[in-house]
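What follows is subunit A paired twice: with subunit B in the first complex and subunit C in the second.
Right after this comes the complex of A and B.
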């Protein structure tokens, strides 16, 4: 028994917590444990999950991307606006993706070459992206999805084998990222860079290129997440970059056990974190708990998860890395 | 071909040594333009503040010129008031960051404090003092929760405060749903409250006054108290702090409590000023505070930063914020400007921190013009008093491999030999045979020159530490490690960094040399490359326990000895190749005379000989190449910048000799070891009962030479303090 407790890591703790809450809700809540509700549950957090999966790439590389939500909102809003003004869809989407890629490239250059700490580089680019987008590109806070998008709307509202498309998109994106992280050179290099930057460098890993690649990949994922979200709710609100959404994304990533110190974790951890949050939000909605109250309760449970993890895996003062916050 | 080269170089040499115009220009430039100060300024700790300060000035200049009414008194006063409010949060954030943490929950904590203050005033009508205490207490309590989780339970700061941010905000929103109407309907009429919100004292807004007080207090805490040092230590290296026995849990926890308290103060002023019961206050405040901390140049990860930086950072962020509002920019443009400035400031700061040491290394060494007359001959067989011979060839070696770097040797009145070593020990060889070394006492640093006082204690100059005394019972006491600061020196020269040799006057005053104030124990050879007079002679008076610098601007003052008349000291200036005399008593008190000019080598320690003359070690001999280079400072500067340090042209300190000179500076004899096998390097020698004992700073031995025709009963302590 003791060895089982010893072997618990954060991912297991969160997963067990998820199982616990799921069981409690299944027993206590009417209408929780049925197919349509579970599908709804997954649909509700799939965009968060996609963002989390994208974020986990940079977090594994010992970075963070606070500009992700701004990139998502502005690049998709721009593409939709161009499309709505008569540009054909592929070109508009290509321009949107190019915009997102450019943000990723700038982030990567600032972090890899100018050596600005990721937290602040992306904080600043996030503000710049939102500022520039609203100032020059997009005319109103809210951009609606017009019929001009045609069948793309299926991406948000369609179903495949009865499963909503956003969930499918989340699954596909997660699978692709997992594949990239585990089976490609770029993915392995990402772990190396995150685990120990200087060691990776002296070993011959092209660390700067890898960093730039990470941020560009994350930006593309942000675009995909944004597109899925816009198609689901038929609009894109650029004000979303001002909300706490980015913190939720980080929570989903870190909660599942992807270490902010880099080099630890994988997409699986993000999926676990997303499941917990999703279950929780769904149960709260069924119980008709107020939104603000949901957040308060959510925090308490999250805190509990972190505390349990820390008690099982206490910080070792002799081996912890400096600057590990 | 080679002949042509020789001619060319000879021409160059004659040009340089002549009094040509270019030569005079070089001399003038190095005499009157103090370029060495650039390096000294750059090496100051406060220079880090220059970057954010420059950014601040630029921002004020730019916005002052493009924003209409930027300097309008009302605007300035309003801005100052808001700087005071933001400043509190920034101070709190800075303290947490210094301790190696981060607090993202400041914005929500602030919102909670604001709401509480409004509720207590508008709804409950409590007195202002009670409201203040309640708000600060509540916010500190939130900080305490953070502190308990992060400090005591050792959770991850980023994640924990992130959750706190979301949770507290949810709590505030929940409360607002219930009480927003009641709060905005209430009214609170109180002069003190209004003063806190909008009043000022001599034109300074109330919040700014309290902020200035708090900032000064914080500065004292961080730089002057044990608690502040603990916080810096934990932030600088958590593991080392833990191993050094600092309580990480308590220290880290208290940083969050203090941060919370500052949030409360800030919220109190904010509530008094605006009475805003909406859900907006405090949103994004954590980003603003973090930006201020980082733009100010405080490194995330801890251990590096100051209050001044935090204050400058807070001002920069607040000014940008206000200017963007006043410009009335279109939606989005304000954020764009803020983002770009943040990027530029951080980018600049990162480059600065990364390259500061490189710049410093390039500019710190600043050679100056120094001209030596042609060196006297040392050729064997010549009539020169310095003519090389082999009289040191038969030196007997004692203590081989038992000592490491005995710069000086000294005898107590019982005839035991003492020397220092590189490990910071005082080694003792028991008399009369002096065969076996043992550690007598441990001081640290590198003990250099020594002297025996009237009570048979050893007074020793410890390189890197100061002037120390070792008593008979091997107990060590510090005599002094600081002197009076020179009023206009940029380097803080009050701390003794390279005390070199000492001697004791009949009245007990100890005169000692500090070779240079610009370099320390590890880098002193660089001083030879500079040849700048940066050394001094310092006097410690044991009666008054005072330390005073008595002579400045000396060129590497090294050995010191008391003259036989007890009224002056003789000291050698190594790179200047001369010996001078400082009068501390008698009619010429305070004056400096030259005793020997133009030695063929670099003089080190001087000690008394039995017949009324003085022994002096030359630690190395001059070479024409370096003598020439001393007249071409530009060449040495380029060398220091472009050539690896191991390839520099240094004084030769491998071969030396011992000379004896009389009171008027005439060389009586010299002792050489041309083969350099038994005693390769000499920095000191001491006569004792007809034998000469030789020390060398890079040696692993002590040399002993039998002297012919000298008083075989003569000892140093007897000569100084009379027979016992």
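Right after this comes the complex of A and C.
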């Protein structure tokens, strides 16, 4: 028993919290524990989960990408608009992806070569992407999905073996990122760069290329998330860049235990964090809790998870010196 | 002599594992007490208990015969016990005077009055420090002076120094020792934790040796010599193998000229220096701090860039090279083993196997982008065996290892890249006595295998023990070269000081 308590880390705490809340909701809330609601629960957070899985790549590399939501919104809106104006679908998507990649490339170059802190670099590029995109590329805030997308709409509204496609996309994206992080050179280097940039550099890791790669990969994931989102709700609202969504993304990443100090955690942590948040949002929606109240509760959960983790795993001298963030 | 502090049978356990068990110690006013021991012997834990930074699990500490277990360093300080940490606890953005009075400012502080007071106080201690200077602009020795002044100002009767001389140059050390002697004259009890045995032998009145958290011996310094201390520290005589060169060992012959450096310049640190490194022998580089030896090595390995204009020429096997990052250096077979493991040597979240594997991946020329976990484990097993890294298994985190084993992991991470030239910067800094000999053996083995080995060290016995050829650096340039047979500590030191 003692060893179980000892091995309890934030991920386990959050997972147990998830099980606990899930059980409580199942017992107390009518209509929570049935198949259609659980499907709804997962579907509700799958886009958030995809974004979180993408974000965790840069967070493991001791960075952060605040431009992710803007990239997602604008690249997808652009692709949809081009497609709606008569461009064929593959080309429109390719242009959208190229746009997203360009943002990732700029982020990476700013961070790796100009050595601007990721927080500021991506905050600025995010604002640029939204501003420039609305100014030059996209004619209205809201871009509708037209019938021209054809079967692609299945990505948002289809089902596979009864499971909604967004959930499947989340699963596939998470699996791919987990594979990349653990079984490719790029993934190992990402952990090395996040753990200790100087050590990685002296060891001969191509640190700058790895950083640029991380931000480009994250941008592609943003595009996938955006596409899934647009196909689900049949439109893409570029104003989403102005919402607090980016903080929710960081929430699911950090909640699951991916350390902002870099080098710690994996996609698994993001999945656990997403499950917890999904359960909460779903339960509170059934209970008809106000949106603002939901936000307050979410932040309390995050704090609680971090506090419990700190109590169980006291920070050693090392972390207390560098700080956790 | 009166006992100022009595430590009686204290034990400190972390999660049931004792870091200190049943240690007793007496500190007397006006005496310097050196505490020695390997890394992890419990020196810091013991002194932190006296200074209130760590609470003992069992046992008692008496100050003037009254129980004195403090719950915080602040409380200990109010009772006259101060600890000067290795990494100083000053606020770098404040001035010296502000740091001195930190915590006792009046509600309306007049800076001018503060500076005048601080100036007088520093002068009374004979410290040449400008009270209006920002702490961030001071050198290590001056920072230490400020720390000490702060302790004295609080009327500390006991001052504990944790590895005070690690960051000091020889001149600064000299000043520091003068200072300690002066404090001793004022009747302060001084505790001195150090790795440098000679320092303890010259400066202290009493020596206590700890081993594995247990008290081994306490005696007057006059009754100790180097061998005896080392015997007590490790429980066996190591000094023969440790720093004395085997007289049968001849210096190795010059192999191919691997590296030739001509007129290298880098900022203010390296000025127009030239030297060569040969395969199959160990080139020792000695120099005091500020002599530019680390910087020269880092330029060669690509860790820092040389001057763009008039930067000089570096040739690897006759071909001119210029690396902007360490990666091409690694790929050309130049490995640099850092002097500062924490900053650029280890990955703190990674296991031994993962760390070594990163080294292999970074050097690998194969185009495959997939990694093979099995290969990683095999690699780890092989290197743990080859360098006798002591850990539970290859999944142990590098951070949890002792200094010596961490260093071995860093070395393994470099060796796995199959370098042709390997540069060791202070290879035994922060390494426990037991592991020093092993690391020296590893280095010798590399030269025997035909690698060009460079050892940078500021510890003369180490240079003399390891090198086949000794270069001496002074003020950014190599000024003297010796074959080991003709070198002596005096000759080298004479060349190194300016």
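We take it that the second predicted complex is superposed on the first by the 316 of 325 C-alpha atoms of A that agree within 3 Å, B and C clash if a C-alpha of one lies under 4 Å from a C-alpha of the other, contacts with A are read in each partner's own complex, and residues count from 1 in each chain.
Please note the rule applied: contacts are C-beta pairs under 8 Å (C-beta built on N, C-alpha and C of every residue); 3 or more make two chains touch, one makes a residue touch a chain.
This one's a predicted model, so the numbers in the text were calculated from it and none came from an experiment.
Placing subunit B and subunit C on a common subunit A by superposition gives a clash between them.
When the two structures are aligned on the shared chain, A:185 is found in touch with subunit C, with no touch to subunit B. The partner of subunit A that touches more of its residues, comparing subunit B with subunit C, is B. In the superposition on chain A, A:202 makes contact with subunit C only, while subunit B stays out of contact range.
Contact with subunit B, but none with subunit C, is seen for A:250 once the two complexes are overlaid on the shared chain. In the superposition on chain A, A:302 makes contact with subunit B only, not with subunit C. After overlaying the two complexes on the shared chain, residue contacts for A:123 are found with subunit B alone; subunit C is out of touch. In the superposed model, A:135 lies in contact with subunit B only, and not with subunit C. When both complexes are overlaid on chain A, the residue A:263 reaches subunit C alone and has no touch with subunit B. When both complexes are aligned on chain A by C-alpha atoms, subunit A residues 318 touch subunit B in the first and subunit C in the second. Taken in their complex, subunit A has these residues touching subunit B: 110, 114-117, 119-121, 123-136, 242, 244, 247-248, 250-251, 254, 260, 290, 292-296, 298-300, 302-303, 306-307, 310-311, 314-315, 317-318, 320, 322-325. Remark: subunit B residues 100-102, 149, 153-160, 162-167, 169-171, 173-174, 177, 237-239, 242, 248, 284, 287, 290-291, 294, 300-302, 329-340, 342-343, 346-347, 350-351, 354 touch subunit A in the complex. Within the complex formed with subunit C, the subunit A residues making contact are 183-189, 191-192, 195-196, 198-208, 263-264, 318. Residue ranges on subunit C touching subunit A, taken from their complex, read 301, 303, 325-327, 329-331, 336, 338, 343-350, 354, 357-359, 361-363, 368-371, 373, 399, 413-414, 417.
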